[in-house]
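Notes follow the structure.
All chains are identified by letter, namely A, B and C, in their written order; residue positions are counted from 1 within each chain.
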Amino acid sequence: MNTAASVQLTPDGRLRHLLTTEGLPAEMIRHILDTADQFVSVSEREVKKVPLLRGKSIFNVFFENSTRTRTTFEIAAKRLSADVINLNVGASSTSKGETLLDTVWNLQAMDADMFVVRHSQSGAPHLIARHVKPGVAVINAGDGRHAHPTQGLLDMYTIRHYKRDFSQLTVAIVGDVLHSRVARSQIHALKTLGVPDLRVIGPRTLVPTDVEAMGVTVHNDMREGLRGCDVVIMLRLQNERMNGALLPSAGEFFKCYGLTTEKLAHAKPDAIVMHPGPMNRGVEIDSPVADGRQSVILPQVTFGIAVRMAVMSMLGSV
Amino acid sequence: MNTAASVQLTPDGRLRHLLTTEGLPAEMIRHILDTADQFVSVSEREVKKVPLLRGKSIFNVFFENSTRTRTTFEIAAKRLSADVINLNVGASSTSKGETLLDTVWNLQAMDADMFVVRHSQSGAPHLIARHVKPGVAVINAGDGRHAHPTQGLLDMYTIRHYKRDFSQLTVAIVGDVLHSRVARSQIHALKTLGVPDLRVIGPRTLVPTDVEAMGVTVHNDMREGLRGCDVVIMLRLQNERMNGALLPSAGEFFKCYGLTTEKLAHAKPDAIVMHPGPMNRGVEIDSPVADGRQSVILPQVTFGIAVRMAVMSMLGSV
Amino acid sequence: MNTAASVQLTPDGRLRHLLTTEGLPAEMIRHILDTADQFVSVSEREVKKVPLLRGKSIFNVFFENSTRTRTTFEIAAKRLSADVINLNVGASSTSKGETLLDTVWNLQAMDADMFVVRHSQSGAPHLIARHVKPGVAVINAGDGRHAHPTQGLLDMYTIRHYKRDFSQLTVAIVGDVLHSRVARSQIHALKTLGVPDLRVIGPRTLVPTDVEAMGVTVHNDMREGLRGCDVVIMLRLQNERMNGALLPSAGEFFKCYGLTTEKLAHAKPDAIVMHPGPMNRGVEIDSPVADGRQSVILPQVTFGIAVRMAVMSMLGSV
């Protein structure tokens, strides 16, 4: 089979690309998190650089604009001493499938070592991964509604950092699960790592109908869903969803699914609160929670750099 | 007090941020200019780099676009061997105050060491400086009509280079003083350094009513104002001001306040002519003057890199 | 005379700028190609960097946007360890000639060592080259319809790589020759290197009337023009030309001048097929040819990095 899951590993089980957390073995996830441990300390040093990828050419190829995500990969690559080239490729030049590959083949001919790809269409990084030559690696930096694996992995790093053992956890993912590649990447990783009680919380219109087949339970009542949780993961509500057909209004959403101090009290007292950012304060999360003692939202960002350094360093030495 | 002037110095008087020239002590200004002296020679070397900020992450966060200013900071940072990340943050994502801070906190969580901030709203860099954690420095690269301190300091460097002693000088600042953060930064620094005769020249509509309280004299007649000057600083006329309510027309402005050879003859024969760039030739300055022997406009640019290297190196070692 | 050809060489015949292949002596072209040979191997190494331009500041000044071309120069400069600054200068700020020079003088005052200039107006890089100070070099990265010399040189590198001896070759350039700076740069270089049979193929409306004066023969029938060719160079059809006054339609163009397997069969069996990219598949070239065994389109890209490194390293040591 030529699935993303199979393409991203070498026959002997090393990381070849990073396209999705789906099918990524538990030992590989743990290996990435262990590698990231070392890079957390690098970022705390006076000179925040290691020469692991010196002379390598890493291309941030963003078919969909995202300054924030691009920045995290750019920093990670620079701290590994790689040369980074940023490319914002307009959607116009990629309306045809073959043009996408021409763009990539062209960059590959410039002796690229790694592509970090963001694309509005699900599967684009996978398509690229199947067509690059040996030695060139692809990292999915978010594709359509499909996957955002480095976000999923940094979330695993964060949970492990604060909670240690996945096998005892109750985790809830809250909000617009339907459109969220982040949620999808989290669910696959959390299941693989053995989380026994995984829940999604959201309005019927924003929870995919087949999500229970992934081994999660669905809650439409947030207080009920949060009861006994160790980890509460809020999702970002996309601006274009607000006031759309699936949602009455941002205010209404906040009332039912915005994380407030009162709602959070239904989770365990030591529950951590996560969010992939950027936050819509007052929509999916209330400021006292976002800035409160249970919030680990900014540590997520810090760990995200380390996790991306880990993935890049592993791919750069295949 | 929590003013920009107080926030930018440590309790023991070292530079903590650079937000404004207002309240910056004379000895600190001189220390910055002395430090810049060393960097002027670095830029003349075969290898124009020193390893002072190696491994540091400097973020150019431009909420208002300015390719030119961004470039000067980018070069300065690269010559100090820092890693530079450029971010053009659309005005849209910063309509709320807290979102500005979320953006900054997010970047800070990526282990940023320094923020170079440009913002259309006066006070934004100061707000950021009050909320970053210890060890993270903020440089104001221009905020609203408030301040542009590195421009003010490079102007001081230029004047000192050509005129040595501030205590004997007559200096005129000419043009749209009302809207100019550059003028404001110059006036504060020139007064602090002891310039005894400081003048602003411009039409009544473009000179702030309270400027005399800053210790300057106002002239509406340019020839009169230039009489006996050692230093003539022209301001850029913003395109959006021309043909607006405050000004009859660019041609009319040039006739009254454009610096021509004839008008310049009213200043001292060895007066220097300065301009922060980019110039509107034929509006605020005539080409024979801009390119003439008294013009030090291009040396200003060169000194600007050295001054920014000085500020960055001082902030990077706090 | 103050032509581009004369400005780009020092009195003792070394490369001072690279503005055009017109008038570039054969020995200089060969010297550039020989130098590029060394850099091809650099790009194949584990650490793809040499310290030749360490501490040099190279400015990519693009008055006309071209992500692709900018990227090739950026990579070349980074592999030479230079500091690279990318500047997309809006057309608006350069409507007057003197403003163009002010922009350049300003960057020069920041101690730039090299400018890579792209401009929609023919002659802009030449104008800049005549006004920079000693030690500052200019590379033309494409100006109007005039020249694109690094593209021309990488094409010479590619032809030499596959065909060795220019003096026995039959070469055809196919398509919109009229608007092509690439074709112009190729023709000058090919004539200088002694290609005895040089042809252009295209519709009457897209072949300049004076092209025969450059020593080429014109063919309006593609099959006839391809007969016996060793090298077939396809040109990109600009989107804005398609369906315009000079052309019936993209489909019609493909029928007459699109390179298909059938048409290519009229050339020699070992003919190579070149294209400067990006390709319009199904317009000027058919996919089976673009991806076929005679295509050297991707090697062109690889050689292009080496050629640009060669030119930059030669200019950086003048």
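FYI, a residue touches a chain if its C-beta (ideal position, glycine included) is under 8 Å from a C-beta of that chain, and two chains touch if they have at least 3 such contacts.
Note that the structure is a prediction, hence the values are computed from the model and not measured.
**Student:** To bring chain B onto chain C by a C-alpha fit, how many degrees must it turn, rounded to the nearest 5?
**Tutor:** About 120 degrees, rounded to the nearest 5.
**Student:** What's the call on chain A versus chain C, same or different interface residues, using the half cut on shared numbers?
**Tutor:** different
**Student:** Distance between chain A and chain C based on Cα centroids, please, to the nearest Å.
**Tutor:** 41
**Student:** Considering chain B alone, which of its residues make contact with at least two other chains?
**Tutor:** none
**Student:** Could you pull out which chain C residues touch chain B in their complex?
**Tutor:** 54-57, 83, 85, 87-89, 93, 98-99, 102-103, 105-111
**Student:** Show which residues of chain B lie in contact with chain C when the two form their complex.
**Tutor:** Interface residues on the chain B side: 43-49, 67-68, 71-72, 74-75, 78-79, 277-279, 281, 287, 298-302, 304-305.
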